[in-house]
Amino acid sequence: MQEQQYLTVNALTKYIKRKFDADPHLRDIHVRGEISNFKQHSSGHMYFTLKDEKARILAVMFSSNTRHMKFIPENGMKVIVKGDITVFEPSGQYQIYVKAMQPDGVGELFLAYEQLKQRLETEGLFAAQNKKPLPLFPNTIGVITSPTGAAIRDIITTIKRRYPIGRILVLPALVQGEQAAPSIAKAIEKANAMGEIDVLIVGRGGGSIEELWAFNEELVARAIYQSRIPVISAVGHETDFTIADFVADLRAPTPTGAAELAVPHIEELMDRVLQRQTRLMRSIRERFRFETERLNRVQRSYAFRYPKRLYEQKLEQTDKLTEMLVRNTSRLITGKKEQHDSLNKRFTRNHPRQVLTEAKHKFERMDRDMNRALQQTVTKKQTDFDKILATLQALSPLRIMERGFSLAYTKNNQILKSVTQVKPDEQVQIQLNDGQVYCKVETIEGGDKNAIGK
Amino acid sequence: MPSENNLSFEEAMTKLERIVEKLEEGDVPLEEAISIYKEGMELSKLCHDKLKSVEEQLTQIITEDGSTESFSIDEED
Amino acid sequence: MPSENNLSFEEAMTKLERIVEKLEEGDVPLEEAISIYKEGMELSKLCHDKLKSVEEQLTQIITEDGSTESFSIDEED
Amino acid sequence: MPSENNLSFEEAMTKLERIVEKLEEGDVPLEEAISIYKEGMELSKLCHDKLKSVEEQLTQIITEDGSTESFSIDEED
Amino acid sequence: MPSENNLSFEEAMTKLERIVEKLEEGDVPLEEAISIYKEGMELSKLCHDKLKSVEEQLTQIITEDGSTESFSIDEED
Amino acid sequence: MPSENNLSFEEAMTKLERIVEKLEEGDVPLEEAISIYKEGMELSKLCHDKLKSVEEQLTQIITEDGSTESFSIDEED
Amino acid sequence: MPSENNLSFEEAMTKLERIVEKLEEGDVPLEEAISIYKEGMELSKLCHDKLKSVEEQLTQIITEDGSTESFSIDEED
C-alpha cells in the first residue's frame, strides 16, 4: 500500500463540494423545518439551524435575501425555506444557503406559486417572443378591475388626462376572494370577444399576498396568455411579481403606471406631429439647399467659370509651336547658308590664279634660262671661232707682203718661182699687201739661179 | 387627396413617419421628394387636426347583462 | 436636345458632374471639349430650371397652407 | 491639302510637333525644309482656325446662357 | 551642265566640298584646276541660288499668312 | 609637231626643263643646239598658249559670273 | 672643196685648230703655208657662215615668237 496516494483534506473537501454543487437536486430546493440557534449578525446575515424530530441542518441567509422578508424569524418558528445546499469548506460542513423564507402555513401558497411559476415558465408563457406589442395610438382601452376603488379611478383619471381621445371601457371583475380568478379570466375573454378593444389593463390596487392571490392563479395566467389583445398587468405591489405580471405583455407597478403605459400623452403626440412636420420641412429644405449647392458647385467649377481655359492653353501651345516652326526653319536655313558660306570661302581661297601665277613664273624662268643657255652656247662658239680666226690671221704667210713683198701667181694660180713657168704675153697675178695687180709678161730674162737672193 | 381623410390617426402618423424617414434618408429623387413632401405636409395637417379637434370620449362600463353603460367615477375622494 | 428634358434632376446632375470632372481633367480634345461644354451648359440650365420649379412649388405649398407659415430657404439657422 | 482639314486639333498639333522636331534635328534637306515648313504653317493655321471657331462658339454659348449664371450663385454664401 | 541643275543642295554641297578638298591638297594640274574651279563656281552658285530661292519662298509664305509676321532669317541669334 | 599639242602643261614644262638642262651643259654642238632650241621654243609656245588660255578662261569665268564673283568675294570676311 | 661643206661647225673648228698649230710650228714652206692658210680661211668662212646662219635662224625664231616675249614678262610682277 506504499503506492497509495494520500489526499489532502482540502482536496477532499473541494471534491465533495463540487459533488454537492453539481447536483441539480440540491438546487432551489424547498425545505420545511423549525428554526433554532437563530443569530442575526450586525451585517444582516442570518445564521440558524433547521431541524425536525430526526435531523438538523445548518442554514445561512444573507442580508441581500432577507431584505424583502415580511416577518422576523425567531427560534421555534416553523418555516419553509428555499435555497441551495453546499459545503462550507473551512469547517467541512454542508449548509443550506437560504434565498427565501416563508412562515409555514402561508408556506403552502408560496410553494404553489413557485411551482406554478416554474411550470408556466417552462411552458413558455413568459417568453419574451410571445409578448405582443402595445398599439401606439389605442382607440379603446379596456380596463379589467373592480369598478369601485382606487385602481379604477387612478386609471381613468390618468387616461383622460393624457389621452382624451381614447375611449375607456370598464369590464368589472372581482379582484379578491375565491371568485376573483374566474371573474378576471372571464372578463379577459369577454374583452377579446368584443373585438373593439385595443389594449387591456388588468389589475387592482395593492394588498397582502392573500388579497392579491387571484393574480397568481393559473386560470388568470392562461387567460392573459390567450388574449389577442395586449395586456398590461397592474397589480398594486411594487416588489413582488404575480404570475399575471410574468404572463402580461407589459407589467406596470401600479394602476396609474398601467394607464400611462397604455396610452400616449396627447401633448406628446401633438409635439410628435409638429416635430415630424418640422423634420419634413427641414429635410426638404436641406435637400433643396443641398441640391442648390451641388448645382452651384458645378456652376462655380473652374471649367464653367473659365471656359476660355479650354482653349487658351492650346492657343499658347499652338503659338509656341508655330514660333518654333519658324525659328527652326530659319535656323536650319541659316545653318545651310553658313555651311555654304564657309565652304565657299575655302573654295574662293583656292582660286587657280595662284596656280596660274606659279606656272607662269616657272615658265618664264624656264624660257629665260633656255634663251640664256642657247645664247651662251652660241656666244662661246663665236668666241672660240673669233680667237682661232685671229690666230690664223696672225700666222698668215701673206704677212711678208706687208713689208713690200709681193707674190706672183701664174694663170694656173701657182706661185711664180721660176721664169720658166711663164712665157711672154701670159697673164700673171701679183698679190700685194693691199690688193692684186694683174700683169702681162712682156719679156723673160734670167736663168741665173741666185740672181736675186745672193 | 380625399382618401387620406379616411385614415385613422395612427395610419396617418405611420405614413407621416415613413415619409419623414424616407426624406431624411435622402435617396429620393428631387421631383419625387417634393411630391412626398407635399403628401407629408398634408398628413401632418391631418394628424394635427385630428388631435386638435377631438371631443372627450365617454367612459363606459359593461354591465352584467353585457350591455354598455356610461360610467363615471366619483371624482371625489 | 429634347431627350435631355426627360432626365430627372439627379440624372442631369450626375451627367453635369461627370462633364465638369472630364473638363477639369483637361485631356479632352478641343472639339469634344466645346461640345461637352455646350451639353454641360444645357444640363446646368435644366437643373437650374428644375430647382427653380421646386422652389416655386415649395413656396406655393406654404402659401396654401397658411398655418405652416414662412417657408423659405433662408429660414434655416 | 484637303485631307488635313479632317484632322482634329490634336492630330494637327501632333503633326506640327513632329515637323518642329524634325526641323530641330537639322537633318532635313534644304528643298524638303521649305515644303515641310509650308506644311507646318498650314497645320498651324488649321489649329488657329479651330481655336478661333471654338472661341466663337464659346462666346455664343455664354451670350445665350447669360441668364443661368445669376440664379444660384447669388443666393449662396 | 544641265545635269547639275538636278542636284539637291546637299549633293551640290558635297560635290563642292570634294572640289575644295582637292584644290586644297594643291597637286592639281593647271588645266584640271581651272576646270574643277569652274565646276566649283557653278556648284557654289547653284547652292547660293537654291538658298536665295528658299529664302524668297519663305518670305512669300509669311506674306501670304500675315498673322505670323516678321519671319526672317535674321531673326536668329 | 602635232603630238605635242596633246601634252599637258606640266608635261610640256618637264620637257622644256630637260632641254634647258641640256643646253646648260654647254657641250651641245651648234647645229644640235639650235634644233633643240627650236623644239624648246615650240614647247615654250605651247606652255605659253596654255597659260594664255587658262588666263582667258579665268577672266571669262569672272566675267560670266560677275554676280557670283562679287557674291562670294564681297560676302567674305 | 665640196666635202668640207658637210663638216659640222665643230669639225671645222677642229680642222682649223690643227691648221693654226701647223702654221705655228713655222717650218712650213711658204707655198704650203699659203695653201694651209687658204684652207684655214675657207674653214673659217664655213664656221663664220654657220654662226651667221644660226644667228639668222635665231632672229627668225624670235621674230616669229615676238608675241610670246611680251606676254609673259609684262604681265608678271
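Per-chain residue numbering starts at 1, and chain names A, B, C, D, E, F and G are given in the order in which the chains are listed.
Assume a residue touches a chain if its C-beta (ideal position, glycine included) is under 8 Å from a C-beta of that chain, and two chains touch if they have at least 3 such contacts.
Keep in mind it's a predicted model, so treat the numbers as computed, not measured.
Because chain D and chain E share one sequence, their contact can be compared position by position; here under half of the interface residue numbers appear on both sides. Look at the CA centroids: the one farthest from the centroid of chain G belongs to B. In this assembly, the chain whose C-alpha centre lies farthest from chain F is B.
Averaging C-alpha coordinates per chain places the centre of chain B 37 Å away from that of chain C.
In terms of their C-alpha centroids, the spacing between chain C and chain F amounts to 101 Å.
Chain geometry summary: the mean Cα position of chain A and that of chain B are 50 Å apart.
With centres set at the average Cα position, the gap from chain C to chain D is 32 Å.
Shared interface positions of chain D, i.e. residues touching 2 or more other chains, are given as 9, 30, 33-34, 37, 41, 44, 48, 51, 54, 58, 61, 68, 72, 75.
Among the residues of chain A, those touching two or more other chains are numbered 277, 281, 284, 291-292, 295, 299, 307, 310-311, 314, 322, 329, 331, 333, 336, 344, 347, 352, 356, 359-360, 363, 367, 374, 378, 381. Chain E makes touch with chain D in their complex at residues 8-10, 50-51, 54, 57-58, 61, 65, 67-68.
Listing the residues of chain E that touch chain F in their complex gives 29-31, 34, 37-38, 41, 44-45, 48.
Of all residues in chain C, those touching chain A in their complex are 9, 13, 16-17, 19-20, 23-24, 28, 30, 33-34, 37, 40-41, 44, 47-48, 51, 54-55, 58, 68, 71, 73, 75-76. The residues of chain A lying in touch with chain E in their complex are 322, 326-327, 329-331, 333-334, 336-337, 339-340, 343-344, 346-347, 350-352, 355-356, 359. Listing the residues of chain A that touch chain G in their complex gives 360-361, 363-364, 367, 374, 378, 381-382, 384-385, 388-389, 391-392, 395-398, 400, 407, 415.
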